[in-house]
Amino acid sequence: MTADIDGIALAAEGLCKRFGGNTAVDRVSIAFAKGRLHSILGPNGAGKTTLFNLLTRDLLLDSGTIRLGTTDISRLTPDRVARMGVARSYQISSVYPDMSVRENVWIAAYRARGGNPFAFWRQATSFPEAGQWADTCLSRLGLSEIADVSVKELSYGDQRLLELSVTLACAPQIILLDEPTAGLSRKEAERVKRVIMSLKGEFSIIMIEHNVGIVMDLSDSITVMNRGVVVAQGSPDEIRGNRDVQEAYFGS
Amino acid sequence: MTEESLAASQAIPSVKAGRRTFALLKAFAAIAAVCVLPLVMPINIATEILIYGMFAMATNLLIGTAGLFSFGQAAFFGVGGYAAGYFLAHGWTSLPLVLFMAFASGGLLAAMIGGLIIRRLGIYFMMLTFAFNQLVYYVIYSWHSVTGGEDGLAGIRRPVLDLPLIGSFSFDDNRSLYGLVCVLFLLSIGVLARLVQSPFGLVLAAARQNSRRTISLGYHVPALQLAAYVIAGAVSGVAGALFGMLYRIMPIDSVHWAASAYVVFMVVIGGQRSMLGPVIGAAVFIWLQGLFSLAWTRWPLLLGLFVIIIMTYLPQGLVGLASQRWMRAIKRGARV
Amino acid sequence: QKTGTVTMGVITPTTGTFAYAGDLVARGAALALEMHGSNVLGTNVRLLTRDDEGKPASGVRRVQEAATSDGMRYFIGAYSSAVGLAESEVAQREKLLQFAAGGSEDFTGTRCGRYTFQWSAHPYTAIRATLEYVRKSFPQKKTIYTLTADYVFGHALLKYTRIVAAELGFELVGNDNHPFGERQYTQYLTKVVAAKPDILLLNTAGADAVTAIRQFANFGADNISVVGPWTLEVDQLAELAPEMRTGLILGQNYYPDVDTPANKEFVAAYNKKFAALPGYSSAYAYDAIRTLLLAMENANSVEVPAVIKALERMSWDGVLGRMSIDPNTHQLVRPYFVARCKPASAMRHTADFAEIVATGNAPQPSQLNECKQMPEL
Amino acid sequence: MLWLVSAQLVNGIAIGMIYALMSFGLSIIKGLLNIPNFAHGALYALGAYICYSAVSMGLPFALGLLAAFAGAALAGWALQRFAIQPASKSGYLAQLVTLFGAALVIEQMLLIGWGTIGLSYSPPPLLRGAVNLGFTVVPKYIAFASVFSALVIVSVWLLIERTKFGAYLRAGIERPDTTRALGINVDLLLGVGMMMGAGLAGLAGGLALPLVGATSTMGGDMLGIAFVVLVIGGLGSLYGSVAAGVLVGVVQSLTAIAAPAASTAIIYAAMIGILLFRPQGLFGER
Amino acid sequence: MAVEEEALLSVDAIDVHYGRSQALFGVGFEVGRREVVAIVGRNGAGKTTTLRSIMGINPVSNGAVSFNGRRIEKLRPHQIARSGISYVPETRDPFSLLTVEENIMLGYRPGSPYDLRRIVGWFPDLAALLRRRGAELSGGQQQMMVIGRGLALGPQLLLLDEPSQGLAPVIVKKVGEMLTALRGEDLSIVLVEQNIAFALSLADRVVVMENGAVVDRLTADESRQDPERIERYLGIH
């Protein structure tokens, strides 16, 4: 597979996660290649978001190992993992409502630019690098105009764009996107698609998305999950041709 | 006083020119206000307002900025006061020493308690702070030989500041103690205001709004919150020490959880979203308490009604009211 | 400061745990002044009432304020000893004369001061008077179980209970300490009932004691007599239903039936003004203010040092009887009363709770006193 | 020793049921507004006073209890309508502070209405005296109060669990707007729930009258214990309140044997221990 | 259909404000009985605000909303819901502590044609989840649950805010089938959608919004004949 060419950015071995009696992720082994865009498809409740949560250590593993490059991160805390270059966007927008758009991005940019979070003796404004980087990320998603608007006042679609912008500001190596175009109008979805396209190559991207058009256009490889297990894996064309996937996912 | 609003959320976005001079202006206004305070009220009340102002500001670092609803801050106020008081009552009267003791004991206790509870969320955190407050209360209450138990720690002497060359300076006089309290008060305003606008303050504010997101951005949120908890505890400890010096007694009810509730009162009626809100809350609260108690024996009823009315009509507290008025005035001025 | 006016403070709780006492103290003080004509040695006397909330810090704050802003030089009124002791420090420093009341022996012991006088009887006096009565009237009752409030006041009572029990030949068969503010006594009372003592001695006071007696009444253990040497003042007897009260043996700092001319005059005036009988709180305030005014006249001065010196030498007929002050401790030397509660059927009016059955005035043995040398003025 | 322990155990269970009743109401209000009701103690005191007035007017004790329930429920409604609801737009903490304020107001009104001297009432003749169990005696009234509390708790519990009321409550708290959009009158719901919780506090106060009398500060004394019970049992777990009430009663009774002075400190320490190791409480669900 | 004669819902030139800023400017449209009206528009156009105003969650500052000939813009949300309108929010707003069954049945009123059985019939995925708590569902499962919750009220008019969002194609298809099936019953729908194809496959009429105002109204036929017309508003090319 493609993985061998560029090396592995992130790999999981035998991941399991149970909620009570229900196994949301069941012995999933998966590898994500460096610099590639790898999509995860699957019906609702397949375990995609749970897999993300495991990879970023937001949830504790029941069993399995996760390797970032050559480092075992299965026991690290989520903030450590984030500092090692794994950034994510959430399926449900997860922004700071009492802050402006720019501040939202700044918080991510400051950490990404190596700012010390305990620096209580200096003004936040005395760190121009973070500010500049935040502005760059905002303009990349076309949010510069509304940078000073309070986030409470944004429409849902704009919140989704902001979510992406924040993720970008983490300046990660690996980006995990959970349904980045959900709730976006065609035009915005198109913009997000272009942004993701431009990120490809720069970063390793893992994406969950129900918009099949976008998945097929962007992905280098696709993994299909159902009921917590991986049911298919391959290039977009292979997946399109897979009968089982057709039935379970597209319903035809 | 000015209707200053140094809310974390305003620190970054627009670094407009003139902001700095404005801030300077506000600082002068604060200093001026502090200087005239003893002219308009008995000096012990003025001193008390500044002490509780400090205490309330420190508490607001937790409540307003970090969103950690602590109902146990009196434990740190009390422990700082008892620690300093113990030294002062037993003949160690060096000012730096006792201030350090208060700062360190408040901070240390906060580090110990905070280390255990900082990961607990919402109402659980609230209840834990309450329970620890009660535990500290019972320890101080029963440790009679050191703390004086229910009689309070009595016999506290005022400290002495030994300056090389100049000689030693005593705070026996109420006016000189007021001076000392003033200096420490302004210092803590400066430090806390700076802190709220710093990256540390911003990230705390971010974690208040969405802690999971903040962690996923690479911040170790519990460590930051613990730091805030310790800072608040240490500053509260100093406030407690000053209180002990003022009345030369450290009363047991200063550690009771009701005292924690009262400081939350001050923060909320003053306004959580600004630096001076809690101070104004403290001033109004203390002043009203005195006023009402002269007016009617059933005065807590008036106090209760006052709080209910403020919360009903002024969502942002007293400072919210002031700044609304002010903004409107500015707009009107601009139109003319 | 107003010249030509003497300002006396009544710093007393009108809110908090002792809220019931504040108004009564203020009444007594006002009455004493009114009967004296609001004026001493041609100088106007003014009363200042402040709420100490039953908290030491508030008490200290109010005293300090009244002293600096209102020129107060004399004050009375603290109801809890913790408050009174805290205020006593301000009194020594600001040179204010404090006429305190309260159960703590520290006022005239470890924390005695030249500016502070204690109106209430000494715990030793109280226990001695009460147990002497029990010994005489119920010679068959020998064993005592004590229930003690777990703070200074309770411990002091317990200490003197041990001393007096040894003096009079009682046997102490058990003791339980309960925390201050306890509302649940059945777990202690279960133990008491199991130990079958002759006497349950309550070394606890105020609301705690009321609650304990109430709950003890639920046990129906009639063969155990309840004795309170310093437990419920007459003010609080109304809090108990008559059937809970009947038969209680209680030590009293004051009782309206006290048969002295000064008290008769006081009760009559009080009854006329407030249509009620005075209790401990009012009597304390009345007698304290009356005594201060008397001392000013004796000293022929309204200056604090002169008044202190006069008090230290005085011996007079007060509300309680013949009284004097021990110059070494500033303890008021005065009679203490033992009262026995009546059944509802024997009550002549609604406030006729008990009758005085004995008095005693044995002072604390001086070798037990911890007041060091009184300082110079 | 053994008989002493069992005596204290019996006593602890009986007292614990009364604690449970108190914190059961607290638990309902906690579930409702998601805040600890700092005015709960004041409502408890109010219940005791109302009950006292009713019985001293010559009504039977049962009616006194009913009046205590009704009066406190009414106060609870007023509290919701005139304090909590207006403050809710000012945020969570504002509601909390308002409840403090309300507690002050209620306490002072009790002093104004009933005077500063505490009040006593002996239980009806039928419930006076004690039952002898051989190894210990239990006052009849305490036995009655605990059985009565248990009955009240069970019936209210059934009311909540067996009807949709409970689901409405939880929904209304989490997302008032969405719940309204489903045709549920959230404000009415909060009012009714608050009345129920407050009423139970009043009932507990009425029940406590023969034991602790009526004083304006009695609420503050009880509030601490009620919180401890609530937290140990698990916030929002009705079932937990009962078990924890009994547990606290028993622990208090048992420490009375060895170290009575520590009994209050011990329950706070227990609360801390439980919160640290089982933050959801003994019976709470995450 | 005689829409003009007897509209079920008529929104008449409403203005809506958030604080001082205006979000809707004279928005007006009508929904006939058994009709499906789609509202489309870019992010921030005001679609959600429109639905929330109909529901009474956002107050209307000017204009009128009538339902069944009765003015409702001053009513409170629960009264509006009881008069027969139900709303499925785009943020889903599941009740996280209630079980799925409780979530769905919360607003159920005896007499509603949509009981738990039928709802689970449309979304068999939910059958196994009924005892689960609302917070323990995946995004898509929540979506199914809240559509069910909206139906359980037994409304005459259903306001659906982006129901296809986050659903796998197979489920989107199912939702489409379900909505088509519902057309046989006494139910009208206002459908806010970003998935234009999905919206057009169901709608009788389409309302296009831009910057808080209605900028175009089309019938199903018109939109099919001239697909470019909608695309222009949505800003593709």
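Residue numbering begins at 1 within each chain, and the chains themselves are lettered A, B, C, D and E in the order written.
Going forward, a contact is a pair of C-beta atoms (placed from the backbone, for glycine too) under 8 Å apart; a residue touches a chain by one contact, two chains touch by 3 or more.
Here the structure is a predicted model, which means the values were calculated and not measured.
Shared contacts of chain D and chain E, meaning chains that touch the two of them, come down to nothing at all. Where touching is counted per the definition, the chains common to chain B and chain C are D.
Of all chains, the one whose Cα centroid sits at the greatest distance from that of chain A is C.
A separation of 30 Å divides the Cα centre of chain A from that of chain E. Between chain B and chain D, the centres computed from C-alpha atoms are 33 Å apart.
Centroids of chain A and chain D (each the mean of its C-alpha atoms) stand 48 Å apart. For the pair chain C and chain E, the distance between C-alpha centroids works out to 76 Å. Touching of two or more other chains is recorded for residues 15, 22-23 of chain C. Residues of chain E in contact with at least two other chains: none. The residues of chain B that reach two or more other chains are 298, 300, listed in rising order. All chain pairs in contact, by the document's touch criterion: A-B, A-E, B-C, B-D, C-D, D-E.
Looking at the complex, you find that chain D touches chain C at residues 3-4, 7-8, 11-12, 14-15, 108, 111, 115-123, 128-130, 136-137, 139-142, 210-213, 215-218, 221-222, 252-253, 256-257, 260-261, 263-264. For chain B in complex with chain D, the touching residues are 63, 69, 116-117, 120, 123-124, 126-128, 130-132, 134-135, 138-139, 142, 261, 264-265, 268-269, 272, 298, 300-301, 303-308, 311-312, 314-316. Of all residues in chain B, only 42-45, 48, 144, 149-152, 154-155, 174, 243, 247-249, 251-254, 290, 293-294, 297-300 touch chain C in the complex they form. Across the complex, chain B is touched by residues 14-15, 22-23, 50-51, 55-57, 60-61, 64-65, 68-69, 81-82, 85-86, 89-90, 93, 104, 106, 111, 151-152, 180 of chain C.
Listing the residues of chain D that touch chain B in their complex gives 30, 34-36, 38, 82-83, 86-87, 89-98, 100-105, 107-109, 111-112, 224, 227-228, 231, 235, 261, 264-265, 268-269, 271-272, 275-276, 279.
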